[in-house]
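Paired with chain B in one complex and with chain C in the other, chain A is shared by the two complexes that follow.
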Partner chain A sequence: MKDLLKALPWIGPAVALIATVVLFPVGVMFWNSTRDISQSGLDDGGVGLANFATVVGFQYFWPILGRTVVWVVGVVGVTLLGSLALAALLDKSFPGRRLVRMAVIVPWASSVVMTTMVVHYGLEPYFGIINSFLVDVGLIASPEGYGWTRHPVTAFAWAMVVAVFVSLPFTTYTILAGLQSVPGETVEAARIDGAGGVRTYFSVVLPQLRGAVSVAVLINIINVFNSLPILRVMTGSIPGYDADTIMTMIFKYLQNQRQIDLASALSVIAFFVVIVIVAVYVRVVRPLKEV
Partner chain B sequence: MAQYKRLGGIMAITLAATTGLTACGFGGSSGEESGDGATLDLLVPSYSDATQGLWEDVIAGFEEANPDVNVNLQVESWDNLESVIATRIQGGDAPDIYNGGPFAGFAEDELLYPVEEITSEETYADFQPTFLENAQVGGTTYGLPWIASSRALFVNDALLEEAGAEVPATWDELLESAKKVSELGGGVAGYGMPLGSEEAQAEAGVWLWGGGGTFGDADAITIDTPENLEGAEFIKKMIDEGATQADAGASDRSPLFDIFVQGKIGMQVGLPPSVGQIESDNPELEYSVHPIPTKDGSPFTLGVADHLMAFQNDGDKQEAITAFFDHLYSADVYVPWVQAEGFLPTTMSGSEQLADDEALAPFLETLPDAQFYPSTNPDWQAADPAFKALFGQLGGDKSAKDVLAEIQAQVDAG
Partner chain C sequence: MTALAESGTAPRQTTRPPSDDRPRVRKYTADQVPIGSVLLRMFTGLVVVVVFLLPYLIMFFGSVKTKAEIRSVDPTYFPTEWHWENYVTMWSTPETPLAQNVISTLVISLCATLLVLAVALPAAYYTARFRFRGRLVFLFLVIVTQMIQPAVLTSGLFREFIAIGIIDTWGAMILVNAAFNLSFAVWIMHSFFAAIPKEVDEAAQIDGAGTLAVLTKINLPLVWPGIVTAVIFTFVASWNEFAASLVLLSTPGNQPLSVALTKFVGQYETSWHYVFGVSIVAIVPVIILFMAIEKRLVGGLMAGSVK
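What follows is the complex of A and B.
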């Protein structure tokens, strides 16, 4: 107890900060999820778990949950493969490497909404440059182009492309840092033993990247799961719920239907989904354990 | 390790304390000081880039005439407006005067002043009676009709002439003319049908009411009815027979009207401000404005009125609010505002002043036949987003009957 009192001046501000900006809002979210809140924002009393029943009983809930899984697994998986390749390339020395390394940061440095809007406008029929290009090379027959962002499947696929694009820099740099900590002797030893390039990479380098890769994947899972802006821009004009993930559904409850109580209930569900995913991941992969 | 356990204990106590705090709710809002130096908070949406300047002029004029009242202006985009007002009400910080769409929910929660308590008799008597009727909840007027708009069919004369098509008055003529224009090819569409989330309820009104249906009244919202089904099925027919642009179900109104302005769409329903948009973006466009085609050719238009409303809050600013509204609705202040934004006035004195404005004439003419959204029914606040989210499915594989049933179900669920 004495130690703790001594430590308090140092940890106190941090604890207070966490309590006000993390724990308090989480508490409010849990509280709201059990209330009946009118559209104009008045609290009309507690309803227990009725909001959760409504949210889970919604006929599109399970497809939305499934799509969320596709979204997270797809984006994180492709990002990881792309980043491993990119990091391996950037680790080699070649003329202009510094410029290429800086170029990789660009999607990270620009606003996600802006990046998505650029692609979204490119995909617009009549005037988008991606559509114009596809029409000009003869891949699309109709002269105004194809409504990529008007169909659930294509809009969702393009959203995943953008999500991979903006996730690459962080993942690449994390893995690149991991690559630079791989001791040269281990690679040299493998070479002397007669291992080829592929064998060396998979049997010697990759196992030593375990720490970097697993941290990158963990952070990506949380980021991608919680990502709203890309899907919001890409699939925003699509009617119905055939391109929604949990995050866009929360947004629709909140913004379109203005049901703060249902939005809170779904947020609580999302909160637990993330916690479970992270707990399982941490348990199985042990990303923080040394190799 | 023991230290961590203790730390955990402290965290648990902190957590319990904070959740306990939230359990108290947000009851304790701080009321502002009343008295001579009253401050009015004004929350308004942005109709155009000019909106903020127009309000600033109004406020400057008002503050000069009433030096003891301060007016704070907050301008939000339409996209954010409704979440801003909900957040402010939840936080016990409602604005004193609010310019928005639906207000029945606020009236039902007893948050608003009845209009007669916050306007002088002259101001109240100057409103068009039809608009006042549309602003009543349970016989009491809660919204001050602010600006109105009606819809009309914008026709690209050059395209129709090239295709040898007539300006339509009925649905069948519209289908025929639109198909002729679509057949011109080159990415040209006959009829611009925006069923995307931006304003799906408007296009729904144009078709469903044009076929004799309604969205219900102050007592019940009725979407899934045989009369409405007729309009919804004709929408599907237009889409299936290739009379509209591609992907009608996910096309938003504003971007689609841009395409009309570029001269790639034969006909589309537009608003009074659309006239100004064409003038500034593509004055070369050969177009004309006509009544909206209906099933049997009878005259009809979709009218929309946005309202001002006054929140009671602590109930001590009634006088200042009354002074503000009387200033605002005086013809010299009101008419230039409405005219600058390109909308229609809701007061009788305003209409008289604008009677000989040529651009507004086709819209003022149709105003007597205007039908309104049942916005005084609190459930309309659930119906409006249901249309936005679901009506566009008519552009897909779902049957018209299923789409209407799904909208009705979402409305009934609240």
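What follows is the complex of A and C.
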């Protein structure tokens, strides 16, 4: 106990910050999810689990949940495959490699909102530059374009493309770090034993990337599940609930409808979803056991 | 895998068919890669560069077009005339007070970074140097905050900040950004402190230096790269934060650029050239900062997850 008191001046401020801005709001959120709170913010008493019943009973709840699964699995899966390929390239030596590495970092440093806005503009009918490019190469017949950002399904699909794009840098860099820790002798030995490049990669290099891949996937799942800005920009102006995930729905309750009790209830659900995903993932893949 | 490794170190083994008479020791170095595959790598690299820079090139070319050109039904890939004055006129666009948004973004990011440093540095030092009861609990708490993101907590933060009266202030976002970047900062600095041999500290203590003097005079110069990485990472993350700012800041002038710019979307006539001009101004400095810590980014993100 005495040594904890001695440590307090050093770790106390960090604990205080985590307590006020992370732990306390979690408590407030759980409490609010069981209250009836008016739009002006007045607490009108406890309602038990009624908010949860309302949120889950909402007619679009299950489609939204399903779309959230598609969003997370699709984005994380494609990102992983793309990153494995990119990292393999960046691990090889060739003139200009440093330039390529720097280019890959750009979407990571840039504001996700701003990156998404360029794509949103590019897809606009008539004047959007991506749309116009697709017309020029003959993939789309009329310059009016498809109206990518007007339909929930296409807007959502493009949002997934952007999500993959902004997730690639972190994932690639993590896998690249993993590749650099693969001992050169194991690769050399495989070559001497007559294994070709592809075979060496799949049976020697890839198994050793397990740790890096697990960590990258875990952090990506959390980030992609919690992602708001891409969908907000890309599908936010589409009426209805056909392009929403749990996260955008929370913000619709919070901002458009000012129903903080329902927003809290859905946040609590999201909170548990994240915990379950992380727990299952850690159990199955055991990323924390490595290294 | 181990079998392969062993045969590598003991080439006389009979694991290979005897007919194979290629040279036994072949160095796996770059100079022996055929020129064809080097060219292929360079070409693929070029494609990667183009793909990753494309959105930002569109942004840049768009930022110097006129409103008429960027909204033309026959769009141009490159500006027909370069209108650099957009970078001056954009500040008085009616959608949002852009100059104030820049100030807000700067103040929030700078203060959050300073707060993170003030709070994380002592914690990282002490947990790396001393064993004490509750140390593991503390480190676990820090990892947990890396798993939680502000987006899922906004409804709780919103009510809490109303209750304590800091809703819609810079202070609210300074606290949020500091708290959610604390984990990265603690872990990267912790790993740098842990890499310094304890004997260095002990030698200084024998010479009569106190704990604080050991930290500032002996350790700080050695962990400097870790501090720079933590500072830049926190600054860039705060600079780009969106979800919490969207809900916690309602006065237009208080909002950071990430939130302010979304007001342009869905307008009857979006001034895309201004959106892109502001984006370029906001993106270029942080890209340069991020490139400076490129080599240490992964270490900081992985450290917390694998320890």
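As a convention for this text, the second predicted complex is superposed on the first by the 275 of 291 C-alpha atoms of A that agree within 3 Å, B and C clash if a C-alpha of one lies under 4 Å from a C-alpha of the other, contacts with A are read in each partner's own complex, and residues count from 1 in each chain.
To be clear about the criterion, a residue touches a chain if its C-beta (ideal position, glycine included) is under 8 Å from a C-beta of that chain, and two chains touch if they have at least 3 such contacts.
Just so it is clear, the model here is predicted, and its values are computed rather than measured.
With the two complexes superposed on chain A, say which partner A:Met1 touches: chain B (first), chain C (second), both, or neither.
A:Met1 sits against chain B and chain C alike.
Answer with first, second, both or neither: which of chain B and chain C does A:Trp10 touch in the superposed model?
So A:Trp10 only meets chain C here.
After the superposition on A, what does A:Gly138 contact: first (chain B), second (chain C), both or neither?
A:Gly138 sits against neither chain B nor chain C.
Looking at the overlay, what does A:Gly57 touch: chain B (first), chain C (second), both, or neither?
A:Gly57 sits against neither chain B nor chain C.
Identify the partner contact of A:Lys252: answer first if only chain B is touched, second if only chain C is, both if each is, neither if none is.
Only chain B is touched by A:Lys252; chain C is not.
According to the stated criteria, A:Pro95 is in contact with first (chain B), second (chain C), both, or neither; which is it?
So A:Pro95 only meets chain C here.
Residues of chain A touched: more by chain B or chain C?
Of chain B and chain C, C contacts more residues of chain A.
Starting from the residues of chain A touching chain B, keep only those that also touch chain C in the other complex, and list them.
Overlap of chain B and chain C footprints on chain A: residues 1, 3-4, 7, 11, 15, 24, 27-28, 41, 126, 143, 236-237, 254-255, 260.
Quick one: which bits of chain A touch chain B in the complex? Just the residue numbers, please.
For chain A paired with chain B, touching residues are 1, 3-4, 7, 11, 15, 19, 23-24, 27-28, 30-31, 37-43, 54, 124-126, 142-144, 147, 149-151, 236-241, 252, 254-258, 260.
Considering only the defined contacts, which chain C positions touch chain A in the complex?
1, 4-9, 11, 15-16, 20, 24, 26-28, 30, 33, 38, 41-42, 44-46, 48-49, 52-53, 55-56, 58-59, 62, 70-75, 77, 115, 118-120, 122-123, 125-127, 130-135, 138, 141-142, 144-145, 147-149, 151-160, 162, 175-176, 178-180, 182, 186, 236, 239-240, 242-243, 246-247, 257-259, 261-262, 264-266, 270, 272, 275-276, 279, 282-283, 286-287, 289-291, 294, 297-299, 301-302, 305-306
Mind pulling up the chain A residues that touch chain C in the complex?
Residue positions touching the partner: 1, 3-4, 6-7, 9-11, 13-15, 17-18, 20-22, 24-29, 32, 41, 86, 89, 92-97, 99-115, 117-122, 126-129, 132-133, 143, 165, 170, 173-174, 176-177, 183-194, 203-204, 207-208, 211-212, 215, 218-219, 222-223, 226-229, 232-233, 236-237, 247, 250-251, 254-255, 260, 263-264, 267, 270-271, 274, 278, 287-288, 290-291.
Which positions of chain B touch chain A when the two form their complex?
Checking each residue of chain B against chain A gives 3, 6-7, 10-11, 14-15, 18-19, 21-23, 25-26, 82-83, 85-90, 105-106, 109, 111, 185-187, 195-198, 200, 245-247, 249-252, 255, 259, 262, 264, 381-382, 385-386, 388-393, 395-396, 413.
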